[in-house]
């Protein structure tokens, strides 16, 4: 019983980590809390759904399609809204506000166009069976989520710490002006970050959409609350922290629902977030940036 | 009262009420923005005030003044819980924590019995007279204006410019952050109670994300040069959908668009002029 | 002479790196005290410790005999400690006059309720503040710029505005972080003159500076830091000839130049 | 002339910082810009390196108009700036900082050769390759900034206040490094507060006053100009 709970918690945590991965990347490299992130999550799920349902594509085609759509949307929105603010060196709250307006606009348009009813992936998109690990039962969607999260976390880590692109991204995160003096094209790096974050959001949308099998325009908005909790608990822009925080949050939610009351579950993220703000505002891992006057 | 005025008030009562209430909400947003912070919890504070006020009116025989006071106190407590830990951090943290507050309160409203669940609360007595709303708005505007023109307003403007430098000249920055957040929660709570007692029906959806963004759009459109800006912003954004009926159905799109356009192209809003405090003495 | 500021055994670490390591020194009232040392020696950190921007790990800081280490930043301003910043920090959107008036914040006493209700006491105080701010601007030579937006001032003017803002609180101690940075010799000489007049008004100055000529002519006492530790303390004459200082900070050439210059100045007298 | 600037105007928002400047740098020369703060020295360097968009005027590099290129393309073309206040990537290691200097060079022998050359010049850094640059002392950070720029093997090096905020001893060291670079025949445009040392090292100098060139000529002549002595050299 406990083992199953723990496994469920870890799977849920993996979805949160997966969701927060791209968000953290945006916060870390672009230095902006981009509230439209949840929209890319929704968009990925909706596009993949349309691919499966209306075009009859297999999941293995629909998934990259959803990821690509989300990535492109992220690039377009960032270029249209945030690039001008970056150029004008506007304060960080201005960027936050612009994405806030944008996300309301985007969701409103989406729900006017599609309605707010819940849509589902057709039966048979995923194999129906399940795997038993001792007493723990894992469904196909859950396994897919855990595996994808592992692959993406590892991939992102390798990208950031082992490649030239990753080095350039870290340089841009730290000081865009100095990075451009190193012959790094800052606009291109910003685009790469947006694309990558959008793709990660899209992947999360498709997989989490499959797992919950309830897709509607505001699903990203609901998920954002967890996203905020994860980036605060993990420390703003800290990829490792985000993964740890996602897992902690998932396990805490499942345990709270199992041992206290299922109603409590939705309050866990917020409670943990406020607790961390009280006790360890730099995040659980608390890795402050190295700077010097 | 002349008959025509009575007629006018009767016909447009709902509109006048929402103008006054939205003006108060815009002021509550202004108070936070004026110290260089951003709260996305104004709708949550408003909702807390609305539910507190409605429940007090439905279950106790308290006079309306005390009901309003109660609706100010409860959001203030919530604001303290969320605001205290973020006071020493950058504005981004308060914004995130307050978005979270709105979502959590929504879950509570929907699940709790006393709040009427997802259906909401009905049958709230219509105790918000027009004059009460307008008097409270005028009082709040006057008070915020006078404080803004005083040494406190100057300290707030200094914090907006450079928080560290303001602290070094003796401004108690965390105290100002907290004070502003609490005052804004109280204003939003009162506005919420007034709206509950004006519409007589409330539901959790009234205080969701969209409401939070709408309140922010008032302040952004008006600009925060002076407290008049947000109030005028609220006026414009409340009247426009009335005048242009089609806008009514596209409110989300419209308010979102307003924020995007104003931040990008008119960062100081439509009333950008700052308050003058000191003139050079002759 | 009494000690206005007494820093004793102050330490501060950042991520295991000692930025300030067991530093003690005393600033006497009415004097100009200089703090010098290589970049990264901990001078700015020490300023931040004194003004309260960062908390002290160990040791204490006495101001007029009172331990101020536990006090928050704004309370130290109230006691009479003012400072300027290495990278100028002004309120760009405020007028010059308002900026200086804001500097007087810690001295103002009109209660919140008076301001909220617009009572006469608060308005009288505002009039007094405006007059005093203008006087401070005259003192630093910016009176004709009173209604200008602070962000529109030229670089040197912004430095003087920061000093005027600091003086507006009527401080007992003014901390100046590289006030002459980025000034040409002409402007530096004007600044030295201004700072001497500030000192004559009874304000004690503690300053960090790299311009050795400036330091040597202005300061009565110097404290030298290196890698967070105090390596010397004394009169400019003593410090200039101290072998440890020459090795860690001045280098032989600069020391020789300073000696020649001091010799010349003595010859003049 | 390897670098030629004509009638350059630059502005921050509405304030014009540079009001029509002509200057030229010949290959192998060290040219310095001196002047009071706010005279526009740093703005000119930022204008040349593309960090600040020019409003008017032409910047030619090897005869090619580069005034409208973005900063990274100018850097790629071979004009590399060491910015004011060093601006090393504080959270990245020294090795990573140096690697970024030669960002356009893919892996391989060329990279190793350049790194070897830079570490040969700054042996202090060899011992600190793994350390986060933000934890170094000011003088070491300046070496990282210089080394990072040299990794690009630039055709023109723009140095913005390399001695700013450094101890007198380190100032001497930095100027001796610049002297070495000059001997090796590198082309340098130097902005310096320390006019005395700058004029000593430079071949040619421009004196700026509120956004305009007030005087220019061979550095040795400028150093003896009475007006310059009074205003910038502070010699008694």
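We call the chains A, B, C and D, going by the order they appear; numbering starts again at 1 in every chain.
Please note the rule applied: contacts are C-beta pairs under 8 Å (C-beta built on N, C-alpha and C of every residue); 3 or more make two chains touch, one makes a residue touch a chain.
Just so it is clear, the structure is predicted and the values come from calculations on it, not from any experiment.
Using mean Cα coordinates as chain centres, the one most removed from chain C is A.
For the pairs B-C and C-D, the larger set of C-beta contacts lies at B-C. One simple way to say how far apart two chains are is to compare their mean CA positions; for chain B and chain C this gives 42 Å.
Chain C and chain D have CA centres that are 31 Å apart. Measuring from the averaged C-alpha position of chain B to that of chain D gives a distance of 52 Å.
Between the CA-based centres of chain A and chain C the separation comes to 47 Å, rounded to the whole angstrom.
Shown for chain C are the residues in touch with two or more other chains, namely 15, 40. Looking at chain D, one finds that residues 135 touch two or more other chains.
Multi-chain contact residues of chain B (touching two or more other chains) are absent. Against chain B, the residues of chain A that register as touching in their complex are 33, 81, 84-85, 90, 92-94, 96-98, 100-109, 112, 221, 224-225, 228-229, 231-232, 236, 263, 266-267, 269-270, 273-274, 277-278, 281.
Residue ranges on chain A touching chain D, taken from their complex, read 164, 167-168, 170-171, 174-175, 177-187, 289-292. Looking at the complex, you find that chain D touches chain C at residues 15, 35-38, 135-139, 164-172, 193, 195, 230-234, 236. Across the complex, chain D is touched by residues 15, 17, 37-40, 152, 154-156, 178, 181-189, 210, 212-213, 227, 248-251, 253-254, 264 of chain C. Chain D contributes residues 49-51, 70-73, 75-76, 80-81, 83, 87-92, 96, 99-101, 103-104, 106, 132, 134-135, 148, 152 to its touches with chain A in the complex.
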